[in-house]
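First up is the structure itself, then whatever we jot down about it.
Every chain is named by a letter (A, B, C and D) in the order it is written, and numbering of its residues begins at 1.
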Amino acid sequence: MSPALLPDDVDLTTVLADAHLENPVMTASGCAASGQELQQFFDVAELGAVVTKSILRDPRSGRATPRMVETPSGMLNSIGLQGPGINAFLARDLPWLLQHDARPIVSIAGSSLGEYAELARRVGNTPGVAAIEVNISCPNVEDRGLVFACDPVQAGRVLSVVRRDTARGVPVFAKLSPDVTSIVDIARSVVEAGADGLVLINTLLGLSVDLATMRPTLAGVTGGLSGPAVRPVAVRAVWQVANALPGIPLIGVGGIRTGADALEFLVAGASAVQVGTAIFNDPGAPIRVLRELRTELASRGFARVSSAVGFANRSAADVAAAAG
Amino acid sequence: MSPALLPDDVDLTTVLADAHLENPVMTASGCAASGQELQQFFDVAELGAVVTKSILRDPRSGRATPRMVETPSGMLNSIGLQGPGINAFLARDLPWLLQHDARPIVSIAGSSLGEYAELARRVGNTPGVAAIEVNISCPNVEDRGLVFACDPVQAGRVLSVVRRDTARGVPVFAKLSPDVTSIVDIARSVVEAGADGLVLINTLLGLSVDLATMRPTLAGVTGGLSGPAVRPVAVRAVWQVANALPGIPLIGVGGIRTGADALEFLVAGASAVQVGTAIFNDPGAPIRVLRELRTELASRGFARVSSAVGFANRSAADVAAAAG
Amino acid sequence: MTVRAPARGPIQVDGEVFSNKRVGAYAHLVLVADGIAERTRPGHFVALSVGGPTSARLLRRAFSIYRVRPAGIYGGTVEIVFAATGPGTQWLAERRAHDPVNVVGPLGRPFALPKEPVGCALVGGGYGSAPLFGLAARLRERGCGVHMVLGAATESRLFGALEAKRAAQSVTVTTEDGSVGIRGRVTDPLPSLLARHSIEVVYSCGPMGMLAAVTRVATQHGAWSQTAVEESMACGIGVCMTCVLPVVGDDGVTKMVRACVEGPVFAGDKVRWEAVGTVPAGTFGAPAAGGH
Amino acid sequence: MTVRAPARGPIQVDGEVFSNKRVGAYAHLVLVADGIAERTRPGHFVALSVGGPTSARLLRRAFSIYRVRPAGIYGGTVEIVFAATGPGTQWLAERRAHDPVNVVGPLGRPFALPKEPVGCALVGGGYGSAPLFGLAARLRERGCGVHMVLGAATESRLFGALEAKRAAQSVTVTTEDGSVGIRGRVTDPLPSLLARHSIEVVYSCGPMGMLAAVTRVATQHGAWSQTAVEESMACGIGVCMTCVLPVVGDDGVTKMVRACVEGPVFAGDKVRWEAVGTVPAGTFGAPAAGGH
């Protein structure tokens, strides 16, 4: 590391396969809807990208309530991917993002390979889409409801159809679940299947019992754990995958609340980060994280984001080399 | 649930296979050493059991420092099973526990089947041992360092040798890792191999980067995440396994800090609970949790622990039956 | 840190406690939070962060706005009335003058006001009375008749009965234990009150069961009802989809709509009260039988 | 909740802030915490919980005990001096009179005292001076000569220089920037001081590097050294094994020993200073080459 710089002198651009972004801070899928509501608090065009809530082919009502429960330094959610479906998204939400100069990364989710393919064809060929994020933490109706993300073969199949049906030049990122024995195996499989980058991590499966009703608090019984509580698991996933698959662009997500948290993901190997649950605490979180990250980079003498990416892995290797 | 009772009228005894305990609250392995230090704050004989730090065959220095880092509502540790080995344990720590009328559950850990078998023979035939807890979250030196707990076959092998070499009447509990794709598969495998009960869960694998040094904070690089942050994951594991393997005694552990937390594990399906990281916050935590649990049970009209065990699963089934 | 936004939407403000007093079973918190007052209309709510910098409680707590005062010699203030039930509200109850509390607001859709000077009933349960006082003032400005019905389980949980005497033409109080006013529920005196004062709009705020019952009475009487619901909210600003309830749209189709941005005030007859907590069959996007 | 224990060990007490004042770069916190004073000897520390009931910071923070006062008309008190560096210490620095702070203590092994009335040097770095004042009093009671050397990076980080004049026969002050006293480090004036006053025991508390250097000087001079180390601690009571450092035992074997119960005071010449942060080869139970 070099001496401190002025924050404005830091080059924040980051490259994720074919996507060149002004800066590495995005919203996390499902925590920012499609950007409109956050525009009340800051200009979403200032973010590296806006990742949309996962879009399905058909409209979906989502699950019954309660859909969330607060947990220590985190929360469980079980929304059930409520949304209006791809038609309404392309007609209304995507145009809004483009009109407001935001870079949209569209998250897609399906319950069969066919649905993923259809979504890829429609979203992945619409001008203005900066990238596709493939949420594979969904049950596969064609395979006993097993979650795609939990099986390297099924996960790979999803990514290969999405990559096949998405326009060249539009990167396809696979978003992985931490609820697996080896996230590196899943990562390797989806990269071999064509994923241009990886988003790490989706929520952890959790459950809470409501002692007033003596029933699971969530109507959906289990839910996804997110927030600062899971940050060490997310950083570990980034670290492991960065070491196992050097050169594959990674996007870190899980419990990021401050610029220092974002920097932790970068130096662990992520080229960009997403802010999710922290938005519920602070609607201005994504833009604040960006501002703080700039300062963190500057104060450590990182002239560009790319110098920070994987720095802890490299310095670890140096230490190992020096010791060995 | 019936009307409220007086706390003293609650029958706290709990049965874990052949182990009949006065009450369902224990210490968690590695968070209470072998009981001596906690005796300064409360009488460890009042606990259902004292679970010892995992004992190895040989003395072990453990890892270099830093060995811990605080995280939101939790911590990462990488102690590396420091301990004096089985000889010193049997000569010094176990007698202390027995002299003080504590019920010792001895946690054992090894890096090969042979080591587990040797520990089982020695610990599992020493009078006074209430049960053996088998920590299988250790690398298997005979299988490329893969962690036993992550593979149903290897995990099953460990439990079958330990069960084989432990005296009848001394229950053997397998302690499972949450870092697997299906904890139910591992649970099923160790139960088929002879485990009399299950302890859920060990820590989650995590990592933190120290932004001052730009290196992983822990000398051991990755560490185990514990504390209230992981409670929803632990409750989920108990819930899933209780539903998949009804009748198998479960011991819940992960983020328990209050009597209400303990009750959450009981109604999710655990017959006993362990208090770990909360001890670092409050050295009196295990006995306080016991006292609070008694009050929680009484105020809800549970006349005995066994009525509460799995109550949320049963009421969930009732709801489903009524709806269906 | 203060994020400013266009003049009508919500803003985020670093607020500061001006005062915090007990009122019966509740706390009455006055926060200095510039810019909120000017944007607030009756029925809006604020979302407060709890626990300070070391907090393990990340989600904001939502509270109906009781009163606001625009910036004058002192900064603008916003007031809430709340019950300290869980860790977040207990923390708020312990705040003293000058302690910082971050505020996001005003949020949600306010009460719709009648265009004509008609008779209105304002029904509040417990702390649910709080947002009715600002509403009462607005209605009187428009020449509406204002009749308040305040209810609670017991006297200490009744809020604003005295203030109501100044705010309304008539005040009816009910408590379930009869400790003050009529023994019973707000819906007991409501039918005769609606008839007596030719009420055309019934506003209500309180527990869900009460809102459903008040709506039933209002509808029977042929009055409009405007209900302010309380759904568990993670974000309060419309991005998380946790706060939904089944509401019938103008097209007759039931949708799971967000209480935080499409509410918290809904036309009472549009809410599928009996189905709250479920996704009723036929809801837009609901799973087909055997589906997800 | 207060857990009582046998008369000598640590106890857990619901303490309360008596006062909290700034002293240079530090905070000086006086807590009412009955029962701690009676058990405390110089070198003991306390572990305080931080963040209150909604805290995401579960681990206690360890602080050397600066002073204690047994219960009299008022409850017994315990005092610490600390730097507000991270979230836990910042929270502590913001506490005001009557705020609750839970205390566990006294913890650890205190300084060993010489049996004979010998000359002693007490060397403190930064807030590391704090525990030396109680020690100085004890040593003087035993007729020992007490010579203090206090150092810091700069004047604001020097603690207790004035008080030292009352506590010690001689006081030497060093600052790295020369803002007060001798420009340099505590080890600069130490050799001549040890010689001048025929010092037989050197006590020290401060950063690890300083302790190592002070030990080196003491050993060269032929004096005993007693060092109070600061290792990162999760439990403070001996149950977690996070706070270890390599220390040579009486049997000559290096072991990873717990700073919280076998320290924080160690004989300086027994600590493998150069190897702190590692498990040096030959340590009891260390992995064989290629092992775990």
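We take it that a residue touches a chain if its C-beta (ideal position, glycine included) is under 8 Å from a C-beta of that chain, and two chains touch if they have at least 3 such contacts.
Everything numeric here is computed off the predicted structure, so don't read it as measured data.
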item: Shared chain contacts [chain C and chain D, defined touch]; value: A, B
item: Pair exhibiting more inter-chain C-beta contacts, B-D or A-D; value: B-D
item: Whole-Å gap between the CA centroids of chain A and chain C; value: 35
item: CA centroid of chain B to CA centroid of chain C, Å; value: 45
item: Shared-contact residues (touching 2 or more other chains) in chain D; value: 56-57
item: Chain A residues counted as touching two or more neighbouring chains; value: 72-74, 227-228
item: Chain contact topology (line, ring, star, complete or other); value: complete
item: Complex interface listing, chain A residues touching chain C; value: 30-33, 37-38, 40-42, 53, 58-68, 70, 72-75, 77, 79-80, 82-85, 111, 139, 141, 219, 227-228, 277-284, 288
item: Chain B residues within the chain C interface of the complex; value: 72-73, 228
item: Chain D - residues contacting chain C, complex; value: 50-57, 87-88, 90-91
item: Chain A contact footprint on chain D (complex, rising order); value: 56
item: Touch list for chain D against partner chain B, complex; value: 1, 3, 5-6, 9-12, 49, 56-60, 102, 104, 231-232, 234-245, 255-256, 261, 276-279, 283-287, 292
